[in-house]
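Below: one structure, written as structure tokens.
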Amino acid sequence: MARISNEQLKQLVEAAIFVADEPISAERLQETVLLDLKVSQKRLKAILDELQLDYRPRGVQLIKVASGYRFQSMDSLAPWLSKLWQEQAPRYSRALLETLALIAYRQPITRGEIEDVRGVSVSTHIIKTLSERGWIKVVGHKEVPGRPALYATTKAFLDYFSLGHLDELPSELDFTALADTVVPDGQIKPDSEELH
Amino acid sequence: MARISNEQLKQLVEAAIFVADEPISAERLQETVLLDLKVSQKRLKAILDELQLDYRPRGVQLIKVASGYRFQSMDSLAPWLSKLWQEQAPRYSRALLETLALIAYRQPITRGEIEDVRGVSVSTHIIKTLSERGWIKVVGHKEVPGRPALYATTKAFLDYFSLGHLDELPSELDFTALADTVVPDGQIKPDSEELH
Amino acid sequence: MSEPQDTQNDNLTRAPVQQPLPLAFVHGEAFLERPEDLYIPPDALEVILESFEGPLDLLLYLIRKQKFDIASLPVLQITRQYMEYVEVMKDLKLELAGEYLLMAAILAEIKSRVLLPKRADAPEDEEDPRAELIRRLREYEAIKQAAQELDSLPRQERDFFLAAAQTSENCQPIRILPTVTLQELVLSFQDVLTRAAAFEHHHIKREALSTRERMSAILERLEGEAQFVAFQALFTVEEGRAGVVVTFLAVLELVKESLIELVQAAPYTQIHVKACQPLEDAYGTDLE
């Protein structure tokens, strides 16, 4: 089959996203299910947009996250759907969330730099939990004595929080601006370098 | 929420089937996501029927299996969806290629005869691999003790190597040229992608 | 103070600002102003104190509690309150992290610099002694807020779940089989011949491949035929003279190798062909 009708294409793309083991990108669709079908990027994008619209009123939605497209349940259904599982969704401590936020906003960052901002030591347990969840990874080492590891967030982190890009995180400008408003007439300059 | 609209109910049931880890029965829906929602069995059944209809033209279908409802991809999409799980098989061993060559050039031939020429035993695995690939088949049995199978190459073998007949295989006279790895102009095409 | 475990203390670690409800009755201001007047079960107090994420968090709490501006950092007041806390921690023999004591030293140092009368010859642009601490407090507050926002983002397993469908039963993973070139095949055969030549007793002679192919074809044709097949049925007239010769040679070769038998009832009558039958159970079962 070298040509495929729009109807068939939509069914194929829809089924592929549903059965794939992880979010699937347009590129991977082309390399796998659409191989030999001669579907242009533009046509594929139009089909994906159509699917997104088709599912808008449904219980599951087509979402684009960092590593590709996936279907996920409507946010508003969570209280009922969570009854399908015995355990509650994991909750995360402030220490873990602050560490994760620092890595997300200031990456790449060393453990020492995280500790400087938080004013306390970062437990190995937290770094381990974040790594095991696949949310952070070591992307290099800082060329200072001890060559500490530099941490960054992963696509899996963005996927978990349903984000497409790092810049979809709640804007850092928001709290930089907030900080600016409390500076009394130029006496103390916000160290903007550090905030970015 | 003690009452739920039909639209909401459909979204909830649809999402529950999609996010559940295994097929989900009407009973289990009642015990989990529909708990406290006072949905009659009849109403639930009607919603499930509606969903089944909704999805009939789509790439995934709502089907009922022994343990409950689940969504699964349309049967007809299988050949394309299979490509999501492509894996590259390891290259063939020298023993396999020699066995195939002997079957091609000396057919019909028994396993014992192949072993005589190669001076080593031929593993069952090799015969199995070649049979599964559809390149060799048993064409008879030799009337000697044990009645060993006689192997020959198949039409699929000829097709794979773009040969019309077996005697289009290069003759031993051509071998000297081949040994110099000089491919005679256009006579022997190195296998390319098109052959798949 | 070591950081609290991630999961167990979760409610508690958020306590002071985020979720006032569960602990509202214990971390009131009264306790902070006059700790000696207010009975707080030691366990609860410990929980409150452990809920701070460090000295910056505690300072921020003290500032926000009294609705001060971070930038105006009232060092005298804040230092006094901070020290009270640290004393309580010491009294309770909490494992007091070095960071809290270090902060106490920093506050004391700033306090002394603020209290010192400004010297007449001090340079105009001398930095505010509080500047560095204020910068750190604001930076920490920004991250604390970011963490809260992160926590409120829609999150897998809590706010949404992944939707998946099964593949239909006829959907099998595709295995990409290795490619083999004709050249590889021919070279393999040559390797075998070269090796076989080393053994004296093998004489691999050239044979017309078309004959061997036809031998396979005839065997295949006869396989499964219980009855004799007419000799003529093996020939295809369309193949012409060459085809007939090849078939004939193949039949002779097969007879020679005892793979088929020929039967002719009487001279000039129909010749019949049949694959050789096993002598009943004479050779045991078929190994293949």
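Which chain is which? They are A, B and C, in the order written, and residues in each are numbered from 1.
One rule holds in what follows: a contact is a pair of C-beta atoms (placed from the backbone, for glycine too) under 8 Å apart; a residue touches a chain by one contact, two chains touch by 3 or more.
Note that the structure is a prediction, hence the values are computed from the model and not measured.
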Original post:
What chain is the most remote from chain A, judged by the mean position of CA atoms in each chain?
Top reply: B
Original post:
Which chain, with its centre taken as the mean C-alpha position, is closest to the global C-alpha centre?
Top reply: C
Original post:
So how far apart, in whole Å, are chain A and chain C when each is placed at the average of its C-alpha atoms?
Top reply: 15
Original post:
Where the centres are mean C-alpha positions, what is the separation of chain A from chain B, in Å?
Top reply: 35
Subject >> Intercentroid distance (Cα basis), chain C paired with chain B, Å >> reply: 25
Subject >> Shared-contact residues (touching 2 or more other chains) in chain B >> reply: 15, 18-19, 60, 71, 73-74, 77, 81, 83, 86
Subject >> For chain C, residues that touch 2 or more chains besides their own >> reply: 161-167, 171
Subject >> chain C partner contacts - residues on chain A that touch it in the complex >> reply: 15, 18-19, 60, 70-75, 78, 81-82, 89-98, 100-102, 104-105, 117-123, 125-126, 129, 159-163, 169-170, 172, 175-176, 178-179, 182-184, 187-188, 190-191, 194-195
Subject >> Contact footprint of chain B on chain A as seen in their complex >> reply: 7, 10-16, 18-20, 24, 32-35, 37, 57-60, 71, 73-74, 77, 80-81, 83-84
Original post:
For chain C, which residues count as touching chain B in their complex?
Top reply: 161-168, 170-193, 195-196, 199, 202, 204, 206-210, 212-213, 215-217, 219-220, 222-223, 257-259, 275-276, 278, 283-284, 286-288
**OP:** Name, in rising order, each residue of chain C that touches chain A in their complex.
**Re:** 1-7, 9-10, 13-14, 18, 53-57, 69-72, 97, 99, 103, 128, 131, 134-136, 138-151, 153-167, 171
